[in-house]
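Just below sit the structures, each encoded as structure tokens.
Shared chain: subunit A. Partners: subunit B in the first complex, subunit C in the second.
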Partner chain A sequence: MQEQVTEKNNIITLEDLRPRREEKKTFSDYFMPRRHSGILFDPKKCTGCGTCEMVCSLRNVSKIAPASASIEVLRDEENGKNFAILCQHCRKPLCIEACPTRAIEKGEDGIVWINKLFCVECGLCIMACPEAAPLRDPITEEVNKCDLCEGDPLCVEYCPAGALTFTKGKKIRWIKGLRWSVQTISFLLLAVILVGTFCSLKAGALSLSCPAGILQNIASSGTIVLVWILSAFLILGLTILAGRFFCGWICPFGFFLDLVDKITPKKIGWPSFLKSRMAKYGILAGAVGGSCAFGFQAFCPVCPIGSICRSYGATGTLNGANLGIMAVLAGLEVGEWRVWCRYFCPVGALLALFAKIGLIKIVIGANQCKKFSCIQCAEVCPMGIIDADKLREGISPVIRMTECITCMRCIDRCPYGAAKLRFRWQKAVPGNIEL
Partner chain B sequence: MKLFDNFYNMKVGIVDLSESSSAVVPLDDQIIAEKIGGVAVNEDLFKRYEDDDPLILGVGPLTGSFAPASCLSVATFLSPQTGNLCHVPLMLRIGPEMKFSGIDFLVIKGSTSQLKILHIEKGTIQVFSAEYLVKLAVPEAVQTLRKKIRHSRSIILAGPAADNGVFHAAVSMGVWGSLDKSGLAYWMASKGLKAIVFNGTGGLPFSHDNLAMGRKMVKDIVSFNRFRKEGFITILDRIGVESEVKKIIVKSKKKDLACYNCPFPCMSYVEFNWRDPRLKESPKIKEGTFLLDHTGFTAMARKRQADALVLMKECLNLGLDTSAVAELLPQEGTLETSLDFISDMAKADDENQVAENLYQGDIPLDKYVLFGSGIPPISPGDAEVDSSFWGKRVAMSMILGVCPILMLLFPNIHIANLLKFITVKNDDLESLQAIISSRIQSILMD
Partner chain C sequence: MTNGKDRIAEAKRSSGAYGCVECGKCVAVCPMAEMYTNFSIEMSPRGIIKKTLTGNDIILDENIWYCTECNAGTDVCPQGVSCRDLIRYLKEIAIEKYAVKDIKYCTRCGKQFLSIPVKNFVFGRLKEEPPNVLNILELCPSCRREMYMLRNA
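== the complex of A and B ==
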């Protein structure tokens, strides 16, 4: 017993003294709305008066000393622009990881704060923060950081220009719940209940078909039948109305890939020479050309969507080759999200052509977010089409609707309401480039 | 505890440029008790050092506080243009930065043949050589200075025109120009002072009650029936500028900007497209400039309406007084000849030109010149400009350390309410009010 105590005394670690608090996730976190507190800064409204710095310093050091505030207004004299540096209370704060004494904590309410008892003023948090939001008091050398005045920020209250807004976060993640529900129902419907109907369904006068299949059918038979074209119109019409909504919400293979991504959330990435978004158009052209040359639908036998739709039940046709293709495609997901959809899917390629003339667009107003450390929209985009570097520079990225699968993860995740669904003819977010 | 203990550092900096030396001495309580601060104390210090032809920089008790637009610092010196004492208001963040850098008043005396920079931080003053800034355009000089002196939060700079000994040179607060039309830049350059850099890293307690009081006063301002947040244009409106001149701003305005703790932005940042006619193959480029000098811009726009913004920017870059340039510009001319004229003027190639009749308004010239000739003649209401009201409001704001433009724009801000930021005791308030009234009389009589 004596020995054990001695041993334990020798190995006292920071973990024993200040155990890292694990973020508890409940079931509701996955599907239910979650709130994210923070202060939004509108550079267009800011006049640079510095009232925010004054009131903040009053709280920090009980006197007016703008240099001791937890918010700093940077004034770009030559370009007449102002920008406020303040803590964004990131979802996964880098300052917490960097702090050697674990003095920085994230509370249950999402507020990231410095426990002054443990802070040794090393400044590593300042270096780790993408916005350098922890600010060092030039007199006391203490590191100060916005703690949202425990939920009632003075800077917001006193800003005469209304450039600061306190947000408890808009309701987020409800789209996620809805999308998963629709995807599950679609999968059950197309792959389990109405097996094989995605490729072709004929019920009386109603005729529905896969548009890529119809295109191959036309090519292989050399005839154009109006009913065939009309049968493909459901998905094509949906694409014109809502972009590649089918890919993001209905496609059973897309759902399968999303499930695989749940198992492999961390991606290793693929080398850039293997990635060409034009490849899918080549595959579509090859499928049509092959169908024309061979006299049968050349791609359909190996189509992953068709395979998954035809595989279940007594009439299931999933064979070793199909299984192999699906396993390979699932394996590709370790590199990136939705690899098949991004680079290879000929159905997606055909829909992309129609999405180009679609009625909707997604806009992300960098002026509205301007949160360099956030870029959550870029992180969650399964198609990898949101340019995080542009966002870091404060420029609104252009979202290519031909590549967007309208999954709306970006809208769902953005805590600042900067990502929006818009009609094509509507103006982009004010102050940003017209998309 | 004395009345003003929370409002001042109670320190005076004394710089002798001849010896490149500086000292920080305690501020006499008695002066503050008798004069309160700002321009009144400046005058007192000026008299003490009169033989040295000094420049006095000073702040008021409310400078840096929660009183609205508490941005003011005042430069008091003998104007080279009139030979009389004048007080130039320095706004933006100069006043608070000066106060938070640890000194309340700065006396600069003597002269040197080598240009110097004063750097003030944490209650100490350092004197550096400024040779590397000589004849650099204002933006380049500011940029260089910011690289050389870490945390140079506020800068008062004499530009290249002042280096060349131009009579109508004007100081620049950062790159933003100033309301200096009385030769402060000329004075600085003639004494060998290139720039004053403040790094206000400190602070003062003032009073916690002031926060709520400041907010109430902002509400009063917003509720004033003439409150219109249109930036620079609002002031042009109030000084009766014709609509053609205002249209220039309407077309090009990008953003309104305000001084320290001011709820009413009266400055604007504008953008314009232009092609430099002096260059053979110059592409059309977009540039921007900061508009702070209302009377200067008006004078320039009246002379060269189409090119007013370009010429304004050129004046700011070279550190020239726009009003004087507008007065001296030939009646007819193209953009190219105008730019050449400004460039020649900044080099003082010809004999130093002197503009006359710079101001012909309703306010008596001696009062207008006394406060630096840059404060716009704003009328209190719909009536004509009341010179008595104008003079009293400006003098009062210059004693207390708040922006005179805000005081002129909003006559509903009463002096008693401002004094409540210092004390709420009736006896003290009454005595303060009496002192201020007598100081205002004294300043205006001088």
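== the complex of A and C ==
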């Protein structure tokens, strides 16, 4: 240690003394990710009694002194509103960045706390926090910040109105589990058990077909068979009912891309000149036009959904050419999540046309969204259609259902219940906030 | 209205600056050494106390604006000198007597709440944040809490 210091010309930086803790993602973080622990506050229930301040100060300084609490109740007497300011235990806390002595730490349990051994009470954490949640005691000038009472918050326990609730630790998200199991089952069904069946399946009187394939069939043969349209209508009907539900929950290639994304969680970005979401409609039109000209289904031989269905042969062999298409498109995943689905998939384009007149929509209300810096919904969106900047400004983003694949990741992830599934005719996005 | 020299003398008396023995313990713990690359003896609490006791131009000195008014130096001082109180008084006198450019005003309520060098440090640490978050940080803490309440309540 002594030698290391002399090599650096006797300058010891804070990096040597208190190195930052590196984030480690464990196995369970991928499969059962934590919902960040913290206290949720419901302004409708709060009566402004200040019990939380009292019990908090009792723990902080061993006396009833609301000024030295780590929670502050703001009372708007004119409008009869009460609001509690408390630390939200951000995932990427700005206070940790700003602290000059690195006294603020985020533990493995997700709790952000001030280590009083190193705190010099400079108050820069207050200046860096968008909510100004660390509070300065006006008498002793100590900076107090909620540390969740090390996992058992007193304010939650004593709140007489039940306005504060504590969420912690791992929580199995039921939508996530349901989606992954549906995706796995449909992948096994379509790609392994009933080989090559997504494109067309006949079981007695029942027949199912890919709608884009049917469109190419019609174009190439020049005839319309009623059975074809009926067989395509199952997926199209599902799309009108539930948006592009097929893409998010059933499509075997979408499932494959979701799996690839588990391997490449870091994205390097996608060139902006290829960022046109209209390209997929062009490919769809080209496929139909090509079928018309050549007299056979122009796109189906290279369709990734079809090739994933055909790659596993009925005799137990793997089809090399089809696997090649999959490998190339999986390589695109290092750019962005679900690149193929976002920009190119003609099947998705056809479904998007029907989702436009669909019955459901997803709304994210900026009023319910409690944080300036959370934006987890935009991070988990596989199609990247949630406008994080607008959300930060307090404007409810408009979610285009033509692009949304109804995977409901945003609904599952939001800790405040701001993302919701609504019918088309229900009241639109809750109002914006003027900042 | 007392004049400037009397105010400074009172600041020196009430913060106990006359007792300074120049041991340098406050410099050893001062977080400014970590915050600014141009940290020097003039900027350190010991330098400021010495200049206050000897010279007269301390109020116009820009070095007092680098201080974060933390408690570290006061905590370790063997003589009980409060460098925080001294610098705070000096800043108050400077704001009252001169039009000071080194201070950040809240964009909503107009209150002065931070000195510019400290603000630059905080914004330098947070430069990767999106501009919307940084716009919020232009407000003073009580305004921020109020905005947060107006937004969510």
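Assume the second predicted complex is superposed on the first by the 264 of 435 C-alpha atoms of A that agree within 3 Å, B and C clash if a C-alpha of one lies under 4 Å from a C-alpha of the other, contacts with A are read in each partner's own complex, and residues count from 1 in each chain.
Note that a contact is a pair of C-beta atoms (placed from the backbone, for glycine too) under 8 Å apart; a residue touches a chain by one contact, two chains touch by 3 or more.
It should be emphasised that the depicted structure is a prediction, and the values quoted were computed from it without experimental measurement.
Chemist: After superposition on the shared chain, which partner residues are touched by A:66: those of subunit B (first), subunit C (second), both, or neither?
Modeler: A:66: touches subunit B, not subunit C.
Chemist: Is A:50 in contact with subunit B, with subunit C, with both, or with neither (first, second, both, neither)?
Modeler: first
Chemist: What is the contact status of A:160 with respect to subunit B (first) and subunit C (second): first, second, both, or neither?
Modeler: first
Chemist: So, A:289: does it touch subunit B (first), subunit C (second), both, or neither?
Modeler: It touches nothing on subunit B or subunit C.
Chemist: Quick one: classify A:138 as touching subunit B (first), subunit C (second), both or neither.
Modeler: first
Chemist: A:81 in the overlay: touching subunit B, subunit C, both, or neither? Say first, second, both or neither.
Modeler: Both partners, subunit B and subunit C.
Chemist: More residues of subunit A are touched by which partner: subunit B or subunit C?
Modeler: Partner with more touched residues of subunit A: C.
Chemist: Please indicate which partner A:100 is in contact with in the superposed arrangement: first for subunit B, second for subunit C, both, or neither.
Modeler: After superposing on A, A:100 lies in contact with subunit C but is clear of subunit B.
Chemist: After lining up the shared chain so the two structures overlap, which partner does A:269 touch, if you call subunit B first and subunit C second: first, second, both or neither?
Modeler: A:269 sits against neither subunit B nor subunit C.
Chemist: Once the complexes are superposed, what residues of subunit A are shared between the subunit B interface and the subunit C interface?
Modeler: Overlap of subunit B and subunit C footprints on subunit A: residues 81-82.
Chemist: Flag every residue of subunit C that touches subunit A in the complex, lowest number first.
Modeler: Listed in rising order, the residues of subunit C that touch subunit A are 29, 31-32, 34-35, 68-72, 75, 114, 118-119, 121-122, 125-126, 129-130, 132-133, 136-137, 141-142, 144-153.
Chemist: Along subunit A, where are the residues that touch subunit C in the complex?
Modeler: The contact residues of subunit A facing subunit C are 13-14, 43, 72, 74, 76, 81-83, 85, 94, 97-98, 100-101, 120-124, 126-132, 141, 367, 370, 372-373, 388-389, 392-394, 433, 435.
Chemist: Within the complex, which stretch of subunit A touches subunit B?
Modeler: Touching subunit B from subunit A are residues 44, 47-51, 54-55, 57-58, 61-68, 77-82, 138-139, 158, 160-161.
Chemist: Looking at the complex, which residues from subunit B come into contact with subunit A?
Modeler: It is residues 64-66, 93, 96, 100, 122, 139, 142, 151, 153, 174-176, 200-206, 208, 211, 215, 218, 254-263, 265, 269, 288, 290 of subunit B that touch subunit A.
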